[in-house]
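The first chain written gets the first letter, and so on, giving A, B, C and D; residue counts start at 1 in each chain.
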Amino acid sequence: MSTTDRQLRVGMVGYAFMGAAHSQAWRTVNRVYDLPARARMALICGRDAGKVADAADRLGWEAYTTDWRDLIASDGIDVVDICTPGDSHAEIAIAALAAGKHVLCEKPLANTVAEARSMAAAAATAQAAGVRSMCGFNYRRVPAVAMMRQLVADGRLGVIRHVRATYLQDWIVDPQFPLVWRLQRDRAGSGALGDIGAHIIDLTQYVTGRRITGVSAVTETFVRERPLPAGSSGLAATVDGGAANGSAVDGGGADGHHPATGAVTVDDAAVFVARLDGGVLATYEASRFATGRKNALRVEINGSLGTVAFDLERLNELEFYDASRPAAEQGFSRILVTEGEHPYMSAWWPPGHLIGYEHSFTHQMRDFVEAVATGVDPAPSFADGLQVQLVLDAVTRSAELGSSWTEVEPALATVAA
Amino acid sequence: MSTTDRQLRVGMVGYAFMGAAHSQAWRTVNRVYDLPARARMALICGRDAGKVADAADRLGWEAYTTDWRDLIASDGIDVVDICTPGDSHAEIAIAALAAGKHVLCEKPLANTVAEARSMAAAAATAQAAGVRSMCGFNYRRVPAVAMMRQLVADGRLGVIRHVRATYLQDWIVDPQFPLVWRLQRDRAGSGALGDIGAHIIDLTQYVTGRRITGVSAVTETFVRERPLPAGSSGLAATVDGGAANGSAVDGGGADGHHPATGAVTVDDAAVFVARLDGGVLATYEASRFATGRKNALRVEINGSLGTVAFDLERLNELEFYDASRPAAEQGFSRILVTEGEHPYMSAWWPPGHLIGYEHSFTHQMRDFVEAVATGVDPAPSFADGLQVQLVLDAVTRSAELGSSWTEVEPALATVAA
Amino acid sequence: MSTTDRQLRVGMVGYAFMGAAHSQAWRTVNRVYDLPARARMALICGRDAGKVADAADRLGWEAYTTDWRDLIASDGIDVVDICTPGDSHAEIAIAALAAGKHVLCEKPLANTVAEARSMAAAAATAQAAGVRSMCGFNYRRVPAVAMMRQLVADGRLGVIRHVRATYLQDWIVDPQFPLVWRLQRDRAGSGALGDIGAHIIDLTQYVTGRRITGVSAVTETFVRERPLPAGSSGLAATVDGGAANGSAVDGGGADGHHPATGAVTVDDAAVFVARLDGGVLATYEASRFATGRKNALRVEINGSLGTVAFDLERLNELEFYDASRPAAEQGFSRILVTEGEHPYMSAWWPPGHLIGYEHSFTHQMRDFVEAVATGVDPAPSFADGLQVQLVLDAVTRSAELGSSWTEVEPALATVAA
Amino acid sequence: MSTTDRQLRVGMVGYAFMGAAHSQAWRTVNRVYDLPARARMALICGRDAGKVADAADRLGWEAYTTDWRDLIASDGIDVVDICTPGDSHAEIAIAALAAGKHVLCEKPLANTVAEARSMAAAAATAQAAGVRSMCGFNYRRVPAVAMMRQLVADGRLGVIRHVRATYLQDWIVDPQFPLVWRLQRDRAGSGALGDIGAHIIDLTQYVTGRRITGVSAVTETFVRERPLPAGSSGLAATVDGGAANGSAVDGGGADGHHPATGAVTVDDAAVFVARLDGGVLATYEASRFATGRKNALRVEINGSLGTVAFDLERLNELEFYDASRPAAEQGFSRILVTEGEHPYMSAWWPPGHLIGYEHSFTHQMRDFVEAVATGVDPAPSFADGLQVQLVLDAVTRSAELGSSWTEVEPALATVAA
């Protein structure tokens, strides 16, 4: 931190799960990395005054407000960090860019293609004025993922043949788990598809350097009616009658009271076959009904010269099969991605000392701060976020049309990344 | 072996990879299990007199013949074991059943639905006369697979939500690997789909007790032209210019001679999304282009109460997640399926002493001999084999029709299992 | 952080690897946990004014000093956190306790039994005046380790029979790796034994609730002469001629200059057999010469009813074998220790989202702050640190006496934990 | 089998667990490998006429006898295969060699050093007359183990620093498991030490090409009194009151009858630190009390250039860490040792198709038959078996002498391998 007095004053909107993760990253990024600017946690925004005051105090923000428009209008803010549900991304981001603020927006970029397209257009306009924008696909910054991309880019996998990607969770297997906002289309846009499917779409396109061109999809909602929620935190939540997170509850309770229920309006699971440009055949699966799989983002990429495999539940490891080695010695190497030679790792602990989930956000903030401070565009751009949205849209349309093959609509040339 | 003098005299057609595996099983089955009949390796059949004589001597068959019709006509044969490529299954099996021989036929049952339908009809007719038939999906007899079925049948997984099945190999990644019979539609029927995809179709239906009702599929042939083969053994083969199994060869050789090439007429990979009855959502992938995956048949089944996961490259292990355990203790248990309590295992070695690939055939022969000797129908039946063929057919049709959703045609009621 | 205005003003001595890890924990602890006091990073101490000023700025300390005596004398400090090499622990800690400061001292407690004994005595005296002390065996606070202890305490393992503990690293395999302070007896006390062996001694005694009573040991220094260091950072270092961390260097360089060398005066590896009270048979190994093992602290504990196994390179996982389950279902369960039900985890991310190495320090600070603020003694105490030192001493003596069985000297009753 | 009419007529003594394993290997060896002689299963010997007749029939032996002296005296026998408990090895083997029979003797070679020395002397005498002898350390013939040896021999591990070997089982954890012959010193010689410890002693010396020169040891008998057995099979057994294999039994039963008990006269577990020539530091542990570990022979060898790790519960895999690879790509490669390039594997199935425990015996018979038929000495020799016995003896003596360092007595020069 000693190399600069330049500051980037951050204003963050939202303070739930993503807000806490971003705060940890903002607090840490300049303590670990030497950067051309210091992030200052200037202002946090939430609708409930009491709760946002508590959040500011706990998470380490200097001030708080209850109106995001104030945050955007403030002269004391250089960067707007959007951590709200997807239905408010477009409005906040477009306004922030118009106000000349650099924007970091959580994924998925938006809930609809139309919104994402507006955002990408706004980002393109802002870019001309030196205003930067980034979509928060944080898993690109897991060192093992960055290393996969490098191996592909260096030609170590040869001609890519297959992509195999799953993102499996199990937090709503219990039919009594309540109807939180992530299960409502108007708030979340889609279910497993946009929440976790978006991650594997972005990640595999990033690693391979190729775009999904068409899909054939099926989506499913296994449990179509759920009790209304009383409260939630992270991915856990309670119903009126008590806690419901991975364990069955009797919604009725001792007094025979049954909680009110509502319709689940998003997918519980989405599976699709895809083609990427360059002749790659791929399968994708996102589900919240994979019992025992807590956060199992798994990706395998097979090329003519090698294979890489990654599992987010073992995020410090990368498996690499190098078919150019002598036949008797070929095997999947479990690389512990904790060496100084590995992406992002020289600033952390000695080899063999693990990092966690939150570090992907710290790495994201590092790259974002560096890009903004040096006047270059960070990646993934809003155009990249739009492209993922177009894939999500193709998946949804294919599923509605009896799984028939559906081309991914191209993003406009003017906003292509 | 001391409990009976009853014999089942076996005549086997074919002596390549499958013939060797079956021979090992026939030699072993009565040495390990107490059975109501003894299998006698009476006769082996192959077209090349010299080679089949060698095979008889090496593999332990009492006699040989070069004409399968002689084998079927022989009074000295009770069981016909068909280990030839798929294009000859129907003719041999139907003739054998007509001659009153019990038949064990390697999978896939046939190369076409029409053939499979004829075979299933012949089996139904023969059954009325007490003649038994079985399709050789040997992986059902891997102890861990049998245990998965038992867990599902006992309700331990609750409501099944997802099936996730891949069968990945890499033996033709090299474009110079020659055009062996398994790459020719007229001999093999299809490529990865029928060869290894058939295994995961049967296995997942067997384990879940549910049938695939519809599919959406894509198939791909990555390498469409290959050198003609000089010879082959198992899954290895040579071209004119030299060996080609996992390593690049210069087909031309020192003299600039280029081997003649031919068209690959089967799929290299097949991927499909499926639904099974009871609301199960499933993904399947069969590929011979997954570098580093040698024989990676992997299946995971998620239910509302638990999950099982299996990997043929670790066939002595089963992973079981039991969501009914206390929350803090839930995890995937790596069960070493080598205890006397596990299916088929009490006859083998002490706990922790592994078995191999070939044991699945020994177990298959145990069940076949026991069924025939006690006068019951073994499973999987020819009708089961037909049903798998109908799924393969639906996959092929869906792939030809832009991945559109394609229902699996029902087998006739008269041959349903 | 909203629940209290009470502060604990921390002064930290040392700012290298351990200082950075402790700083990350002090910065984070009140952001994640609700505690009865807030840690304030008041003062940091180091001998080099320029470097400590930089460290204060980077790591987030309010002020710095170059004399630890000033830090101890300061009225503005409540807690002294000692992160220096072992040779200075005793002097600083005893002075701090005498000055009425609560003390957190990194492990090993001291370089000699005599020093450790003085420190434990000082801690006992201070304790009577309400001054708290703690020895920093941070791995006790890895959630999976805390869970192991709970399983043992709950009787889930039955009668403990075996402990099997290794702590393997490989950062000095290269004979050209320079003679850093950790390889010098006067600074470090011992080599692998005290640095990493101390961790597995403490951890296994903590988890089992039993003390090592006797040992038979061998120690080894494979490379007895090394180049003198030019600089170091974490566990990496350079020699005059260039970098040397895992790769061979030509110490001479292009000009034929050979760096000066010095004698390695500590062990590279220490192995010993031990007995713990209650009839437990144990093996321990600490080595810096285990090529490929970066930070492989592995512990397995076998009891009559079950087994637990832990690997620090997969610190979010615990393997638990429960022999009370049905025979056919017994297996090692891989528990992902990321549930809200697991120790320390409810404050972090949703299930399946990993934590890293540094979190063990945050958890340590949580327990330390809570203990100090509520007026109870934190664990491990200095008496516990002394007891580990007595085991280290027994190991050293046994190794010097031809591995003969050597009893661990008891700590004085007055300082027993 | 077509290449020769030469026969080796085998007579086997014993028909329990080892007899069954050897029979499977004798039945299979010429079916899989082309060898210069055919093994003929001519004669089996056991004391109980009824049982040995059954065994002959089941296991495939042409004839049986109840007196091993008849077997040795027979003109129809070329090879004597000794599968009895260790107390009878010396008498049978020495007589067989004197009668000019080639001998394959199960490990450990004998129960005492004196017996082993006599056997090695007899083997040396017989060798001069062209009579061959071999000690049955079958795990040398696991392909992954043979590959480890090759890697070491090729210098791929550099200077060997550490050996870490455990052989863990759990079949007598239950105190009610009965007092079978393996728990009686007069029959078995020692307990875990000679039964499974002998395997890891031989295996690590074989792989490294180095001999253990000294040890410091502790042995333990956790359960000193056990019920007398009613019957046993493999490693399972029953007491008067019922089955006892991994599950607690009430020895008394409903009628209050308590089974008679006897003293366990062997070790349950043996642990020792060792040095091998060339400066290698090693740890060994053999135990039958490691709950959940069924047949966990695990070996890791660290050298200056690499590491290999092996686990018999995953015997088709070898982990190899090659420190000569680029720093960012170093990792433990899981090599599936099923390629045609791997030792013994070209004769089996295609890559990725596993072999099991019994195959190590088939490979052993292959090497034995080839050596005998071509007139060379097979390995391991009786002298090698003696050397292992000398290590076992040093372990026992060290344990009796307070773990003091104990040199391994050299074998006589005349019988050195």
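By definition in this document, a residue touches a chain if its C-beta (ideal position, glycine included) is under 8 Å from a C-beta of that chain, and two chains touch if they have at least 3 such contacts.
Note that the structure is a prediction, hence the values are computed from the model and not measured.
Looking at subunit B and subunit C, the chains in contact with each of them are A, D.
Ranked by how far their CA centres sit from the centre of subunit B, the chains are topped by C. Each chain gets a centre from the mean of its Cα atoms; for subunit A and subunit C, those two points are 35 Å apart. Centre-to-centre separation of subunit A and subunit B, using mean CA positions: 41 Å. Of all residues in subunit A, those that touch two or more other chains are 246, 293, 327, 330-332, 336.
In terms of inter-chain touching, the protein chains here all touch one another pairwise. Listing the residues of subunit C that touch subunit B in their complex gives 147, 318, 320, 322, 327-336, 339, 341-342.
Residue ranges on subunit C touching subunit D, taken from their complex, read 161-162, 164, 166, 168, 170, 173, 216-218, 220, 222, 246-247, 269, 271-273, 275, 279, 281, 283, 285, 287, 289-293, 300, 302-307, 321, 323, 327, 330-332, 402-405. Interface residues of subunit B facing subunit D in the complex, by the touch rule stated above, are 1-2, 17, 21, 23-24, 27-28, 30-31, 53-54, 57-60, 169, 171, 234-236, 245-246, 293-296, 312-316, 336, 338, 340, 349-359.
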